[in-house]
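Heads up, there are several structures right after this.
Each of the next two complexes has subunit A plus one other chain: subunit B in the first, subunit C in the second.
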Partner chain A sequence: MDDGFEAPYRLEYTYRRSTGAVIGRFLGALRDGRLEGVRTAGGRVLSPPLEYDPESGEDVGAPVDVGPGGVVTTWTWVAAPRPDHPVARPFAWALVRLDGADTAMLHAVDVGGEPGGIRTGLRVRARWRAERTGTIRDLECFVPHDGATPIDVARPTTEVSGPVALLPSPVRLDYTIIAGRHLRTYLSGLAKKRIVGGRCPRCRKVYLPPRGACPTCGVPADHEVEVRDTGTITTFCIIRIPFDAAPFPPPYAAVAVLLDGADMPIFHLVRGIPPEEVRMGMRVRATWVPDAELAPTLASIRWFEPSGEADLPYESIEAHL
Partner chain B sequence: MSGIAGRDIAIVAFVELPPVSRDTEREEVELVQPVVSEALARAGLERRDVGFVCSGSCDYLLGRPFSFVAALDGVAPWPPILESHVEMDGAWALYEAWVRLLCGDVDTALVYAYGKSSLGDLPRVLAQQLDPYTLAPLGVDADAIAGLQARALCDAGRATERDVAKVAEGRRVSDGAAAVVLAAGATAERLAKRPAWIRGIDHRIEPHQLGARDLTRSSSTRLAAEHAGAFARRPDVAFLHAGFPHEEIILRDALAIDDAVTRVPSPRADPMIVAGLTRIGHAAATVLDGGADRALAHATSGPCLQQNLVCVLDASREATS
Partner chain C sequence: MNRCAIVGIGQTHHKAKRQDVSIAGLVREAASRALADAEMAWKDIDAVVLGKAPDMFEGVMMPELYLADALGAAGKPMLRVHTAGSVGGSTAIVAAQTVIAGVHRRVLTVAFEKQSESDAMWALSPKIPFQPQLTAGAGGYFAPLVRAYIRRSGAPEEVGIAVAVKDRLHALKNPYAHLRLENIDAAMVRDSPMLWDPIRYLETCPSSDGACAMVLTDDEGARRAPRPPAWVHGLATRSEPVVFAGRDQVDPRAGRDCARDVFDQARVTDPRREIDVAEIYVPFSWFEPMWIENLGFAPRGEGWRLTLDGATALGGALPINPSGGVLSSNPIGASGMLRFAEAAMQVRDQAGEHQVPGARRALGHAYGGGSQFFAMWVVGRERP
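For the complex of A and B:
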């Protein structure tokens, strides 16, 4: 896989979700080791609860206790559980209709790891975690129950009670990102100290990197064109606040450079001049890393430095800002 | 159900990329640009002639925020165009375009969708659309949930163990794109010899709690079909959007599709977010090329056929039943 143009990528959001009165109360009951539902105006009991009656769209009414026993209404087998699943050995996902409810709850059923142990109609009971925090995972899973023996009722383990207002709801997804052919052309060039752009065959503009479509013409802008490593600063920003990924101690200047032969600026850094003296229209030249360090990345250009040529007038960069 | 003020709207062109299991060459814009160009060419339209553009895509598939903005270059959005987007299958983008054309101020619309599922873990990406309070924290994924529905249908005697086993094989991930051109009234008749008139289109949704639904029936498909006029006259051909064999059994029942209707099975490679739009596109294509006088298309979204869209296409602009 590793030709340098694929990379692992993780998308992560550290959301916390507000729950609302109905779900917040349900989660609070879970923390107490209890199962609840809500009654609709039509008399049905929904568990897990919804904020609305799916039949009528009306608000739902009073909470009601349900369970702790129930019956499996459908199931599917998980032969290879993942680390984040509720049960470590093979188990079933099932819809469980709790006693006293008219709808079913999706959760795991632990039948000892053997698929023969699960079936539609199986009587089950809740198994609770000892430490509960107000999430659906406080209910560890369901387990088979013969219906004859009384079901243990869990004891609250925290001083906290009442509804759960906020629920940690993190998102973490892993991807393999790819460069695609146009970015690959551009990055490959940088490893050879070449800067390759793409020309639109209609409007003749040269884009860096080449792109799948010219936004003005709608046709691929990928007729390969090598542009020079000299250019003009079109605009800039002086960074004065330090941050973890900063390339230098501040202050330093980040710049947009319109390379000679291109119509779109690239973003980079400028060195060799006090940041206060950086200006629009200033001519610069790329400083490359030593040849042994060249790689398919824009970091092959270490930074830009003033070339010593006279500044260009504003009119010459106006169309490229 | 025709448009307000009698405005009739038709599909005049459809193009799709042949789906591939893993496309390492093309980024989103490179998927979109070719289908958009080809669809407009078939309709005889220039980009500047298009009155409204609407796209369907999902950032979570690619793991890239604002992925749809990158794809927009493919329709040449500069100078600015009238444009919208849905974070859904392209079938729903087509629905928005149909509504927009009913407004009467534009006569043509371009709809496109692209999906690139190969970069991530699709069943886990799809789990992002589950209830964040009671389902997502369990780590249950989309294929497991499909298994619950298959088992329920099997228990009801309407599916076989083989259908259940099909779910365990998992879904086939693929990358692709498609585009459709819509036109109103006389414009449609000018752009196509035999426009595929949208005689009805409607979409409906069911509760997000799986256990609050009858998983063996698709009440939302039935309702959408009634409102789209699908039962007024039997279609010659039907294109159903089913991820698994048991879903097709449920859909045929909801849509009252018997053996007299030619059913086109879901293709092996069925790119997420594009698949629903291709059902409408293929249904339109059979009318456009004279293969059928009346065609039915269905698109679905969400776990276990949660949301469904039904579109009825006819070679006749006037009601004949």
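For the complex of A and C:
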């Protein structure tokens, strides 16, 4: 149930993988519709190639053409393919040892959707995509082949040839963040313009948000206390570098604010004053969003503004970085 | 307890982009150079200890699995260490401890980062639910601490500029350094854009691809070594919580405790007099004076005077970062190990143009996370 304490959290990025000479050459061969391996000093042929001999640790040797046929050495059945799988109907993930290779490659085998079609020892051949870009997906999957008839060798679809030096590698991780008990207390307070901290019963320090354990004493620091929405800037920086998620165009001041009644500063923004006039020791007050926009998030405080009170002496705040 | 000696050191030529090699090829380059320095082959190594910073930096989860082949680790123990930016240092310490404990006799330790495969600013600044996005990158985290140091110490702004110039001049003497700014001077640093005020662009470290490796061994291995070894005189790690009331991030307790421990082990009572050269982790120029004080090289509030007096430059009384330091090369996971390796190179007389003449004892230092992990070693020319 989404009561405001669950939120999606996505980490998404396209990495820029540099492949190196050995893997880059293999990917280039895939783009040409060919399969390659590499020969080790001991005479074994590794396909897919590895950059270094896993047995000796030595560099691998010259590339070797393998396939286009091969044999299934083991397999598992996928009854319900996922959207990103290479075959849309039920298929097998299999280890396929290509003709001329001593190791096997993991890939999909399409046997028409019926599990009875796959077995260890099955002869297969590669099925290539028409449009190839230099990734393992250029090899769409393997399909059964009787071993007697010749295998069509795919032709390059682009004029590009040679190694694939750079490989875009998109990654996306989707999480759901669920606020725990102490964070929930804090967040639900913020939705009501209340700032709730937790006091450690031993050292008496007030933490924001309240914590399951005091980091210093190791006991629960969750005796609820309300702190004020006024405080003191203990230190700050002025952001002058633009970045995607910036709340404002630079320059603006990001500040550590020690709220009255708390022992830990929170990090936030200060507005209503030119950034170069922000001072350590300056007194500030929270500016809340309009009531209709209040929500269980620290963003319910839009920013802090100078309160007009006299600055506190630096010595009184220097221990609160 | 066994003694531990460093008999092989290798590193890559650090660059913004090493797109000619894979991650495996990058670590291989440094490891091969360390083996060559030790005149050893892959089969001579008993175990491999690997370190790198967060996996998000390259998007390769558990790279130690993928890198076992490249590091000749088949059939051998392989460990991966992670302590954020300090990882290169703590990785070397874990490797050394297996020698000291008598578990292994010849250990290869390697650390790397290939920053060109992603964007550290993105990886360090995820948009976390329930809070507004306020700032970004390591600079946004550390700039308020730099401001607090300046306020406490009364240091003039020239200090941050002086460190930025000094380390880049040092880098010109180091063929492996990434940033090579031939015309670097105070005006160039002062005129560079202010990013996270009070930190300017040229007061920050670059993003680098690079790796570092060392071969560590025991007494018998040291006797067989083709070149003079560096000896471990002390090693220590400390950590502290990233958040607690009253935490002093300008002068962290974990750093002070770690320094005291490592100097006690090395029987160093006056570090400023007894340490000939230090390689310390300075990703933003102001961290030089901050760590000078945290390490006990100067009293609180006085570290910046050593910098302005020129004591920390090559030729000064306490040269710091003659390699050019993190400000000149920052393959994050390797940056800590580079500090440790450069310290060892100094006491082996192996540092070429950036050698401190006659260096007998050197400090290697690394920190990571929100100044919460520390790793240090003292290495010496003599067997302790």
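Note that the second predicted complex is superposed on the first by the 289 of 321 C-alpha atoms of A that agree within 3 Å, B and C clash if a C-alpha of one lies under 4 Å from a C-alpha of the other, contacts with A are read in each partner's own complex, and residues count from 1 in each chain.
Rule of thumb we're sticking to: contacts are C-beta pairs under 8 Å (C-beta built on N, C-alpha and C of every residue); 3 or more make two chains touch, one makes a residue touch a chain.
Just so we're clear, the structure is a prediction, and the values are computed from it rather than from any experiment.
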Can A:S161 be said to touch subunit B (first), subunit C (second), both, or neither? neither
In the overlaid three-chain picture, which partner chain does A:A7 touch, first (subunit B) or second (subunit C), both, or neither? second
Report for A:I23: first if it touches subunit B alone, second if subunit C alone, otherwise both or neither. both
If you stack the two complexes on chain A, which partner ends up touching A:R82: first (subunit B), second (subunit C), both, or neither? first
Report for A:A108: first if it touches subunit B alone, second if subunit C alone, otherwise both or neither. first
Which partner does A:R181 contact after superposing on A: first (subunit B), second (subunit C), both, neither? first
Touching A:G212, do we find subunit B (first), subunit C (second), both, or neither? first
Quick one: is A:S316 in contact with subunit B, with subunit C, with both, or with neither? Answer first, second, both or neither. neither
If I apply the document's touch criterion, which positions on subunit A are contacted by subunit B in one structure and by subunit C in the other? 9, 11, 17, 19, 23, 50, 54, 169, 171, 177, 183, 214-216
Which positions of subunit B touch subunit A when the two form their complex? 24-27, 29-30, 32-33, 36-37, 47, 60, 62-64, 72-79, 119-121, 124-125, 128, 132-140, 144-145, 147-152, 155, 167-168, 206-207, 209-212, 215
Using the touch definition from the top, list the residues of subunit A that touch subunit B in their complex. 6, 9, 11, 17, 19, 23, 26-27, 46, 48, 50, 54, 73-78, 82, 84-86, 93-97, 103-108, 120, 135-137, 167, 169, 171, 173-178, 180-183, 211-220
Over in the complex, which subunit C residues touch subunit A? Could you list them? 17-22, 24-25, 28, 42-43, 56, 58-59, 68-74, 114, 116-119, 121-123, 125-137, 139-140, 143-145, 147-148, 151-152, 193-199, 241, 243-250
The residues of subunit A that touch subunit C in their complex are 7-9, 11, 13, 15-21, 23, 50-58, 165-166, 169, 171, 177, 179, 183, 187, 203, 205-207, 214-216, 234-241, 243, 245-247, 251, 254-256, 263-264, 267-269, 275, 280, 296-299, 314, 318-321
